[in-house]
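A, B, C, D and E label the chains in the order they appear, each numbered from 1.
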Amino acid sequence: MELAGKIIFWFYAVVIVAGGGLAVTSPNLVRAMLGLIATLFGVAGMYLLMNAPLLAFMQLLIYVGAVSVLIFFAIMLSRASATGDEGMEPGLWPNVRAFLAFALPMGVLGLTAFLAPPAGVLVPAEVDPAKLGQALLGEYTLPFELISIVLLAAMAGAVLIAFEKRGSK
Amino acid sequence: MDVPFELVRIVIAILALAAFVGVNAVILVWVERKAAGFIQRRPGPYEVGPQGLLQTVADAAKLVGKQLFTPAGADPVLFWLAPLLAFLPIFVLLLPMPFGPTATGMEVNLGLLLILAFAGLNVLSLCLAGWGSNNKWSLLGAARAVSQAVAYEIPLLLSVLAIAFMSGGMDLSAIVREQGGWPWQWNLVLQPVAFIIYFVAAIAETNRAPFDLPEAESELTAGFHTEYSGMGFGLFFLAEYAEMIVVCGVAAALFLGGWRGPFGTDGWWWFLAKLYALLLSMIWFRWTYPRIRFDQLLVLNWKWLMPLAMINLLVTAFIMKL
Amino acid sequence: MSAPTSITEKITRLWSLIVGLKVTGKYFTKPQVTLHYPRKTLDDENLLTYRGHIELVGLPKKPGTPKCISCGMCQAVCPSNCITLTKRKPPKPTEAEKKAMEEAEARGEKVKKPSAPKDPASFNLDYTLCSLCGCCVENCPVESIRFSNDIYLAGTDPNAFRYDLLQRLKEQAAAKPGAQKAQAASGGETGEGEA
Amino acid sequence: MSVQREICDVNPFPEHVAGDFYSNYFEKGQAENTLIINMGPQHPSTHGVLRVLVEVDGEYILRAEPVLGYLHRMHEKIAELKTYYQYMPNMGRVDYLHAMAWNWAYAGAVERLAGIEVPERAEYLRVIASELNRISSHLLWWGAYLLDLGAFTPIMYAFDDRERILDILQRPSGSRLTYSYFRLGGVAADFDDIALAKIREFIPHLRGRLPMYKDLVTDNVILRGRVEEIGVLPLEMCRRYGATGPVVRGSGLAYDVRRAEPYSIYDRFEYEIPTDTECDAMARYSVRLAEIEQSLRIVEQAVAALPEGDFLSKGAPKPRWKPPKGESYFAVEGARGKIGIYLVSDGSNSPYRLKLRAPGFSNLSLFSEASKGTLLADAVSILGSLDLVIPEIDR
Amino acid sequence: MSPVTWYQFVAVLLLGIGLFGLVSRRTLVGMLISVELTLNGAGLSMAAAAQFTDMDAVMGQLGVLFVMGLAAAEATLVLAILVIVSRRVKSTQTDAVSQLRG
């Protein structure tokens, strides 16, 4: 199982990186969204691999089922052309800027991860969803409530913003 | 190298499910056309095979033989990815389905969540189909599909959650086991509101009449699959029926006691019987009602199903706590 | 969904959905009303009144020869120009007859020229043009045209609908030996489908 | 309309007209973020080859303009080339759903011009045939309209009943759709006893079916949502466009040619002109269903009072008949509204000019205004509620 | 190297890709996609840390769930903003939006 696990891990890793690459470089936004979805699937697969199926399914439910659909909606609303006016900006400075944004955190965080490897467990244990629920309502009530407030605020804000325009126009 | 038993089991299960989906979709299409025929007082398919039973097979053969046509200006990758994306998740969706006491593709603790998670892919495929077709009707169909699916997913989730609350888990087999064989031991009795909400939302999620707006043929010609020919259309068609099987299977397991039968006659036959009863009622709705309008669809969802599902969930939670 | 409504009204509205299901459910169990064509066909009662393309009516004594007198009325009255009728030419007199006629004419006698037979040389119908108005049938002075009851008419070639009606009449007469009298009375039940 | 939205009206009439309708009236006036869609000429809900150009913002229609001419068959010009006698079959093809009314309009115009008397029995037969045909037309509309609204089954039930009417009308006329049953001075053939018996049988049958129609469709809450308060056509608007028939009756005006300018023997029958003041698609729907009942009443009375006699006048015109010089106008009430035929004769054996006034044309011209600001689905509903027959509009 | 390090590498890579996109993308939607990538990287890192170390797994998983919730909220808000921007500016290019005053 060890070998199979490794193969699967690398497969997911390739999917994630390839999807991510497509997502940030494709001039066509719908294809970029497709890349994002591939990445999301890869991440979900990794969650499964690290024995957290709840996270994996929630990842699919929230990201693939809701967020990517919202993104698609946004693409349709903004009427991005199918051929795409989106892509790398010409010129040296924007490219350097983008590369720096990529490389700096990569270097710092990657080095940290490499230099300070934590004492790892090889086979992670699955967490019972019930335990999660108890923690949510016990130990972590405050963040839970906070996130619900954030969601509510976001929803109200979205509605408000969208409505404000119609009234003013 | 020893192959783990679990993996073999899943592979076998997927193969069996593929056969199941294939055979049942064929039968279901035939049942639908036959039922439509009887409702409209005509015989329905009749010529190919006994009582036209092989008509769907003949249609499928025709579809396979047709040219796969990519419209000019369409994005070929998105265009052909969409039908695949509609069809492939079906196998995953059926994996945790409890067909019988032992006949389950894969016992997943979070089976219900798995189904809900992968059901979201369907919307995505509609989006891609509509967008990739480079056709205005398809685009309108996709826009409808998106808002409809996003809206109806919420009451669907909430009504299913009510059952999950009651059973304290998301394992479909466990939920079935908790119910009895007799109708009054079903979850339907305890959760009638959840059942109605689930069923309505399920019809909307599978884009069946009267909620078949994304493909409303009198308005949008064929909506998101206007441009599809041959097996591209065939896969959408197959996916629609396979999805009907999924949602009705979940309904049978959650609300109608799944494979439990009275007098200890548990078995897959009960599950299939309940599944087909639900499928038939879906077909019955389709051939009875006119199509609902788009804003009415959303009003129905936001004003009725959502609050009802919410209240139902709260009441369930309250009672469970008592 | 527009105006606020009372609870009872809402219930009746929902009930209407059930009523609709009841209707379709009832018809689901009822026998079918369609006719399964190749296996079952309509009774003749229904077919006899159907007006298919036109056909010629044979003489009571000689069913192979039409009553037609080649007057050309049908051709003239047809709004769609779908009938082509050619008259017979008078038989060519032999040399001897010709001579005799010329002599007789020279003598100043009244010559009886050979007249053409009245039945048409050809009578063709282009059914692809016909609008089935019935003008030809109504205006035929000798009632030599009638509608066939050919309801099961299908073909893949437009030429299949260009009929030689004389030929058809001959075939009909041949198909029904000894039915000379019945020919005039009824619409010819057997020979219809073979056109 | 519950979902109407404010529209900025674009009116881009160009100075110089070159190019087709689309490039002149739509492309230039297009606002940003809108789609221009060709609904038709091949579209499931336009019932034939009608093309409707729509500019939509999302699903809201900003502008909709019907484009005609795809089925133009020059019926008026053909009249000038045919004799009076030969022109009759054309009438069955103008409006194939209510062919009898067009038959009647043409026969009536010629008869009025030449002063031909129609035998009494022929008048009754004309009424029976025309009213039965009206019922079949309304039944077909009913089914097709519900098909537009997404219900598949009603059209099959409607065809079940319609088939019986076709069987009845086939007996005297010989055809099932494009009837050429009327003749100048009478009708082509008599109704035999079997046909009359079938009619007597049919009337109670259809009356028994109408409650089912109501249960299955009329009372259905989904249908109500799709037709109530949709496509409101105020009476003033109907007047402006010259709408007639069930459209104007659905807007509250009891205008029916059979009452307003009685022709033939319609004054002998007792019947009502159903009207509805709601002005919406539901009003037109219920007016048509009520008309089915009224037509049944008329047929019932006509069959009961059917006198003996000739079905074709003795002095009926022959193929080469020439009418006197002059002009005449004859109007009848078709299933879609007022059918008018204006006929000018120069004394030759074919008309000098024949003008067909098709009700569908006027009714369709309402669509552009009525559909502004509605949803695409509502526009389909409105288009269906106008009961269009494209060959009649294009003529 | 223990598995957690590998997972962390992937997570960091994902984060980097997301940041790269965030800087290089010129439309709002493109930036939204990039932000989702970044959030996913964070989530992956958290989950890996929670699962493969002695740390409390519950906390890590809850953290990931919170990130998901935030992502959903953020996407909703961006969509709403996008609606306005696309209606007012007729473009979703960020440069065009930045020229707005008031």
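Annotations
Keep this in mind: a residue touches a chain if its C-beta (ideal position, glycine included) is under 8 Å from a C-beta of that chain, and two chains touch if they have at least 3 such contacts.
Quick caveat: nothing in here was measured; it's all calculated off a predicted structure.
Hopping across touching chains, the smallest step count from chain A to chain D is 2.
Least step count on the touch graph, chain A to chain E: 1.
Any chain bridging chain C and chain D, meaning touching each of them, is among B; the list is complete. When every pair of chains is scored by its C-beta contact pairs, the maximum goes to A-E. Rounded to a whole number, the gap between the C-alpha centres of chain B and chain C is 54 angstrom. With centres set at the average Cα position, the gap from chain D to chain E is 61 Å. Separation between the centroids of chain B and chain E, computed from CA atoms only, is 32 Å.
Remark: chain A and chain C have CA centroids separated by 75 Å (rounded to whole angstrom). The set of chain E residues touching two or more other chains comprises 86-87. Residue numbers of chain B whose C-beta contacts span two or more other chains: 39-42, 139, 143, 287-289, 296. Residue positions of chain D touching 2 or more other chains, listed in rising order: 2, 33, 153, 157, 160, 216-217, 220, 222, 225.
Chain contact summary for the complex, chain A toward chain B: residues 1, 3-4, 28, 30-31, 34, 37, 53-54, 57-61, 64-66, 68-70, 72-73, 75-76, 82, 129-130. The part of chain E that touches chain A in the complex is made up of residues 1-10, 12-30, 32-34, 36-37, 40, 43-44, 47-49, 51-54, 57-59, 61-62, 64-66, 68-88, 92-93. The touching residues of chain D, when paired with chain C in their complex, are 2, 82, 85-90, 93, 153, 157, 160, 167, 170-172, 174-176, 178, 180, 188, 194, 212, 215-217, 219-222, 224-225, 228-229, 318-319. Remark: chain C residues 1-2, 13-14, 16-17, 19-20, 22-24, 27, 33, 45-46, 49-51, 73, 76-80, 131-135, 138-139, 147 touch chain D in the complex. Chain A makes touch with chain E in their complex at residues 9, 12-13, 16-17, 20-21, 23-25, 29, 32-33, 36, 39-40, 43, 46-47, 50-52, 54-55, 58-59, 62-63, 66-67, 70-71, 73-75, 77-80, 85-89, 94-95, 97-99, 101-103, 105-106, 109-110, 113-114, 117-122, 124-125, 127, 131-132, 135-136, 139-140, 143, 147, 150-151, 153-155, 157-159, 161-162, 164-165, 169.
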